[in-house]
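The structures come next, written out as structure tokens.
Each of the two complexes below includes chain A, the first together with chain B, the second together with chain C.
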Partner chain A sequence: MNPSNLLSVALRFLAKLYPASKRWLHRFHGGVFPQYYKSLSATQPIRKAFIPEKLILPLEQPVGLPAETLVKVGERVKKNQLLAQASKDPQKALIVPVHAPTSGTVMAIQPMTLPHPSGLQDQCIVLQPDGLDEAIVNALEVDGSHPGSPEALKSTLLHAGIVGMGGAGFPTYAKIPNQRGKIHTLLINGAECEPFITCDDLLMQTRAQEIVQGALITAHALGASKIICGIETNKPEAIRAMQEAASNTPVEIRSVETVYPMGGQKQLTLELTGVEMPHKAHAVDLGLLMMNVATYAAIYRAVVHGEPLTSRLVTVSGLGLNKPFNIHALIGTPFSALAELAEPKVTLDYPLVMGGPMMGFQVQNNDVPVIKTTNCILANPPEPVAMQMPCIRCGECMQACPVNLLPQQMYWHTQAHEYDKVEKLNVFDCIECGCCSYVCPSHIPLVQYYRHAKSEIKAMHAEEKATELAKQRHEFKLARIEREKREREARLKAKKEAVKKEALAEESPSAKKPEATAKSAAEAARAAAAKRAAAQKQSQKSDDSNNPPIPPARLKAIEAAKKAAAQKAQQKNEESSASSKVNREPPKSEQDEKKPDAKSAAKAAAMKAAQKRTQAKKQASTESASEVTSAKKDARQRAIEAAKKRAAAKKAELQPMAEMETEQACSDSAFPQQADVKDNTTAATELTETTTSTPASEKETARRAAIKAAKEAVAKRKAASPSKTEQTENTATPKPDEDKRKKAIEAARNRAAQKRNAANESQQGDK
Partner chain B sequence: MNRSMLSSSPYAHNNQNVRKVMMQVQIAAFPALMAHIYLFGFGIVIQWMLAVATFIVVEYSMLKLRGRPVWPFMSDLSALITVTGLVFCIPPEAPWWVVVSGSAFALIFGKHLYGGLGYNPFNPAMLGYAFLLISFPVQMTQWTMPLDITGSTLGLIESAQIIFNGAAHTHTMDMFTGATPLGELKTSLTQGVTALETLNREPYGLLFGLSAWAWINLAFLLGGLWMVLSGVISWQFPVAFLGALAGMAFIFHQVDPTLYPPVSFVLLSGGTMLAAFFIITDPVTASTTPRGKLVYACGIGILVYVIRNWGAFPDGIAFAILLMNIAVPLIDQYTQPRVFGHKLKG
Partner chain C sequence: MIEAVLIFLGLALLFGILLGYASVRFKVEGNPMADQIDKVLPQTQCGQCGYPGCRPYAEALANGEAEVNLCIPGGNEVMIEISEITGLEQKPMAEGAAEPKPKEVAFIDEDLCIGCVLCIKECPVDAILGATKQMHTVIEKECTGCEKCVPVCPVDCIEMRPVEVTTKNWKWPEPQTIQEGK
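And now, the complex of A and B:
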């Protein structure tokens, strides 16, 4: 007998005298010794399979995104048929395919309540079994050979829809590393430390060979050299069965102390390997991979028989049931159907618990389906809750904590809302095993406090981030306003100069020589346009590079057209800023989490808009250039051309304008004022709590409103422009030259007035 | 579905509650109570009943005044432990108003004014005891002579007469009261009598040659060991406290046996065992981390020895505990255990 055995014998003897010394028998700190009630279900044979009236198959697993359905309502499916699978990269989105657990008809695809603490609803395929249980044999089309590389194994596991069946439900294919040889030790979790649950126990007793083979397959694919299985001492038959199955294999079966929470990944890893997983480290990085016995059995069935994961062993137990049992339940079987089979003592008017009494949760609706992580359905009649007394600082919780935290300190600080201190006490290392609440003589629901503190701390950090973002946005907004102001001033100045030039041109004598007058008028107009274009160039830095070399004379005419568009743009800008103000009214709703850096997004939007603008201009200018150069035309003709171009440019401008407007509206809404920071942060808080849909949709409506406003403005302008062209054409018709000149001026004025009116109207429309 | 039920896991509990804990402490004090009755007479029973009456009146009125539910907080029995602890520190034949005022002070100023159970920084029993020591030094030092000195103890009636009237027909105070061994040692040392001589003068007439005070201490030790084994109190407290006290006593006894009494006397005199198992283990006011408990109890052990030998009072338990109570937040701060997967913080 070696010294460690001697020590454990001595401690076991001491434990009779001093029960707390039981805690010295295992390697991790603390732990509790609850009443297990395992014999309730463990003593019963596994109940024969049962096909319920309907199966509810959630498209989303506990971890990852939902799969896409491949079947339609009314379609008949066979057992093992693929019903839903990932449409995108499953590796990234952690999507797990869904298979039919039995043959039947798809009744509906609709949201149903899931077994989730919050009573979450999500899309489910509702299947009506036909009782024939017609199956597709070898649905995964495997040849039964053991995969030699992690990739091959992962692909099979992905198609089989295997997830961690111990509780967390992390997709197994995603858990396995890609490189062969990264894992040196494979761990099998057969601890099953929660009271009442016996499904792993019975699985080990009845399918030990499958578990061991599953582990060997995995080890073979990953190149792991060591396989250790840990089973709690309160399952002697399981240990015996596993030892038998593991004889002549490298699998080592080890019995571990019966203490809750021995089945915790970090706890069992420490117990089996002596490795204390460092804070925030992943087991895979340490060369360790632990999976539940049920997962290994599922791996075996997938790899050797090509069976997808469509059923699992579930314990149906509890003090409220007359005949607790274990059953190979089809995934999707409603809880209530299984509980009714166990003959409840009284009507099940109380919520069932999924999982064990220590870490399970009450389901919101007893009809929720069995999912791949449902190891136990617990029916314990409600007991009167003991009154919560003040904490007497007895430290029982600290002695029980398997992570060696200071539960009572965390409780005090949580109560005082000092979440920074709670975080400092490493609340995020809490595994929520419930040991502290279990031993608390004051009946304080400590775990609930920590869950609350964790969510508060997460919210706090999100808030800090949001505040920082808002600050950046505000600074950016100030900079933008400043820039816009400068640009506006520059444009105004250019315009004034242009008007001056025009006035000069008007005064010049021209009545006697119509040809010359027309020429000089055109020249004056060109000069003015050149000036304006220069000003515009100055103000809009982005578009100076795109202009191809065009003869200056023609350029002027072209620029005249551009100018008109630019003026429109300016008005439009003002208009859009007005509309964006309107949009800014509900600022918190338009928060978008997905935009990680609103600043860069806004910049990108601005750049895009500018690019479009220049593109439109370029288009307009090249067109006009070719046309203008094609033939020599008189002033009248040219005026007509110019007018047409204006209209074209305007039209070309409208599209980017509309876009720019919407984008600006968006970016503006993403730049709320400092006063809105609070609202933002609360919105951000909401965002962190998975309810992203509302802000996103609200933002969408805001965007739509902006687009609509832009469209309205476009329509108005379109309505206005034909009359304008008519007028310009009228102006251009052969008439006495004096009249013509006057009319041209008048027309220009009219145009300006109309534009203003249109802008005003659209502004009002926006409001 | 009924929403008043537990909404969050765990749905299991080990069925321990505050009342059960307090009751276990009360039961553990019974051997000492019996020994006390046998050695000092029924005075303590009357004192205890007076204290319980005070506790009921004070708790009820304080909870009413504070607007707290009366029954749940009175039935947690924490006040019972407080007054029981205090009663063991009061001379059995002290006037009735001593225990009444002491208990009332302990509960009102020691507990309720701080916000009730769980919120008091100072041990209420020791606060009451310190209050009595300072306010009524004469009454608090006139201890009834134990059985081994007087040869007989007072009956229930006689005790009651003395407690309520100040004197009985047949006895005067001086006839049956005197200094405790610790007090006697202190006065003897000031008169130039060595510690050994003083202790040898003690009549060791009782079983196994142990004095009455030693027997009381052993009775506390018995109850205390049961509490440690059943997990009501942490082993760190008595081990560190008695260890520190014994260590101090051993060192100084080796240095000068004429001035400093031997270890056995130090451990089995005064309120040593009462403090070790019943007073310093009060979780509310003690340190909570495992190492912190050791530091806290060690500190008390050292302070007790210091006050006994060089202080003004024959027994320094009350002051030692109150002093260490002040240091508890600091101790807790610097003795946080290493969290799983974390490196030990410096």
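And now, the complex of A and C:
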């Protein structure tokens, strides 16, 4: 008997007095010793293959993006046929192809519940087996030779759809490094530490050769020199079988202590190599690569026989079953079908568990399919849950944690929603092994808290990223607008200056006018006219430059809208010029019009319109006065007159525009308040009232017509969609070139209304 | 006696020079408080605070010109953070603004869109994709859910839809906590 054996015997004796002393036998911190129940299924032979009535094949794996289907509903497929594949670069998107586990017909491609704790649905291929099990032999078209480079191996593994079968389900091809020689030690994980699960145990007993060969193939491709396999001492049969298969090969079989969670990647790595993986480091960077025994067996079958991964050994066990067993289950077999085979003691009206009792989760629907990571289907009848008590800060959890975390601290901070602190306590290093919950005397479901905290932290980081992106994009947009504005201004200025120069050249001969007031008025009018002309030219120009040659068939609506926008800008220009020169009109900004109060906005707009009208009149009168007083009626004067006329005409046109804008302001503000459409109508009415009280002019009629049209439009809309109140009020204007836009909008709106009505009807029909 | 005075004068001079140099050498550009506030704001750029974006609000806050409780998407949490940074007193959020709602993104009914580009102009983060007379669509990943594009659409084809829950963004629920006697 050598000293280490002596030590273990001594400790085993000591453990009777001091149970925690068993933890001295293994190298990692903590760990627990649960009751294993492994004999339930380990003593049974592997059950013969079974083809269920239907197979459900999720397109999405636990890790990575979903694959894209290659088959159609109703198509007949053979075993091993490729059903879905990545269309993008699979390396980046971590997409795993899906193969048919048996021959049959594609019944549907539809969302089905996934074996995921959320119970969410996702696209799945539903296959109806025909029982013939007609297979494509060597579907991957391999020649059986061992790949000599990591790339060759990776491509085979990708096409075979192999993922880590121990639990996480990370695509194996993505796990393997590209450079040969980067991995010096290959590790085989045969330490199946979770209670109840025996599928790896039985796989090692029955297919030891395949596992060892798979490891040799991988080591050959990667140039790894050492292969170590760790198997827990409670699987003596497996150890013997593996030792036999590994004789005369470089594979070293080591037995490791039976302690939960020995099968954890970091824990077993530490146990076998003495290397403790640093925080956030990947094993691959340290030259170590660990894979599960089932993964190695799958690699062997893919490389030598060209078989994609379409079935796996699954343990069907639990205290609620009469005949637990292990079976080579086809991927996609519903859980309930397998559980029924094991003769449940009572009807399975309780949720089954995927995985073991420590790390597994309850599925939301017992018909979820076996996926590549399903190692166990557990049917444990629900037990009364022990009442959760307050934490007594006993520190048991801390002593049990195999990762040396501070479970109790993380629990407190999670409860307080201080997720940043939880993250600082390295919650992402938590392997969710459940040791802490297992030992907690207060029965606190600690792991649930960490899972919750992890998803909250992940969401937090995603949000931070989105926020940063939004900020950048917003700043970019502001910069762009600023730049465009500068460019526009520069062009405008150039134009203005050119016009000014011309005007100056004309003005110099008639500089000495007797009537100073008349002159200033005339000047103001001229300057305004010049500006308008410049603006118009400008807008025309920008129109031209902005619109690449548009085919006539394209909607004219946009053009009209642009013109309207240009006119709006022009109007603003006018306003500013008028206010600066005549100093009659108080400076008015767009903001004022968009005041949240609908009524005040309407009033303000009306006032403005009235002001403008009076101002225009005044201008006209002063100008006429200047006309009378100035004896000469030269070319300049005529030009001014022409400009004036144009201005008047434009103002007449713009009046309805202003009205429209007011309307829009009303509706804009009415929208957030969810006010009735009525409000708009009343606002419009009020508008009419306020405006009619001002001195009537010949423009009045035009404006009235505009208001009427707007009102009609509102009424029409109201009739069209009586239920919908949040309709955007973009009213029609009587302007001829607005007509097309109006029509287009009206048409679109009608379409929308029709669609909505149809939807409503169908909804009602459904009810 | 005289040595002591000289020493202290010398020291005062030395430190004065040092401080003067430091204030020139390590001068902070911009307004650090505005930056800090801008960091805690949700960057929705919705303008519900009455400022044209998050940054202007942050600047107004830093200059002491704004209330701390104007950011509606940020809710109470952001209000508290702002008051911590600015040292201003906390204020309750306006009525009905306190309850946070699940994140939504804009969705454009592409059959109805007439391609008027109005929504593109409105979007503060350029999350809407489209061209004149072409149907428009929202880049979900970049939409901040500010709802600014909804009212401008003349045919009312934009609606806000909650972000779909998938296995990738699903969150483990928080366990039922027991009431601990404190």
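The rule we apply is simple: the second predicted complex is superposed on the first by the 449 of 767 C-alpha atoms of A that agree within 3 Å, B and C clash if a C-alpha of one lies under 4 Å from a C-alpha of the other, contacts with A are read in each partner's own complex, and residues count from 1 in each chain.
Here is the rule we go by: contacts are C-beta pairs under 8 Å (C-beta built on N, C-alpha and C of every residue); 3 or more make two chains touch, one makes a residue touch a chain.
Since this is a predicted model, take the numbers as computed values, not measurements.
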A:H474 touches, of chain B and chain C: first, second, both or neither? second
Which of chain B and chain C A:A386 touches, first, second, both or neither: first
Touched partner set for A:G148, first chain B, second chain C, both or neither: neither
Contacts of A:L406 with chain B and chain C, given as first, second, both or neither: first
Which of chain B and chain C A:Q448 touches, first, second, both or neither: both
First (chain B), second (chain C), both or neither touched by A:P111: neither
Contacts of A:P236 with chain B and chain C, given as first, second, both or neither: neither
Chain B versus chain C as contact partner of A:G131, first or second or both or neither: neither
Footprint overlap on chain A, comparing chain B with chain C: 117, 389-390, 445, 448, 451
In the complex with chain A, residue positions of chain B that touch it: 1-2, 4-14, 16-18, 20-21, 72, 76, 78, 116-119, 228-231, 234, 283-284, 286, 288-290, 293, 332, 336-342
Contacting residues of chain A [partner chain B, same complex]: 17-20, 28-29, 32, 34-35, 117, 195, 266, 276-281, 349-351, 353, 355, 357-362, 380, 382, 385-387, 389-396, 398-399, 402-406, 408-409, 425-426, 429, 432, 434, 437-443, 445, 447-448, 451
Chain A-facing residues of chain C, complex: 38, 42-45, 53-55, 111-112, 114-118, 124-127, 132-133, 141-142, 144, 151-157, 165-167, 169-175, 177-178, 180-181
Chain C-touching residues of chain A, taken from the complex the two chains share: 60, 62, 114, 116-118, 120, 122, 388-390, 415, 445, 448-449, 451-452, 454-456, 459, 462, 466-471, 473-478, 547, 554-555, 557-558, 561, 668, 671-672, 724, 726-728, 730, 744-745, 748-749, 751-752, 755
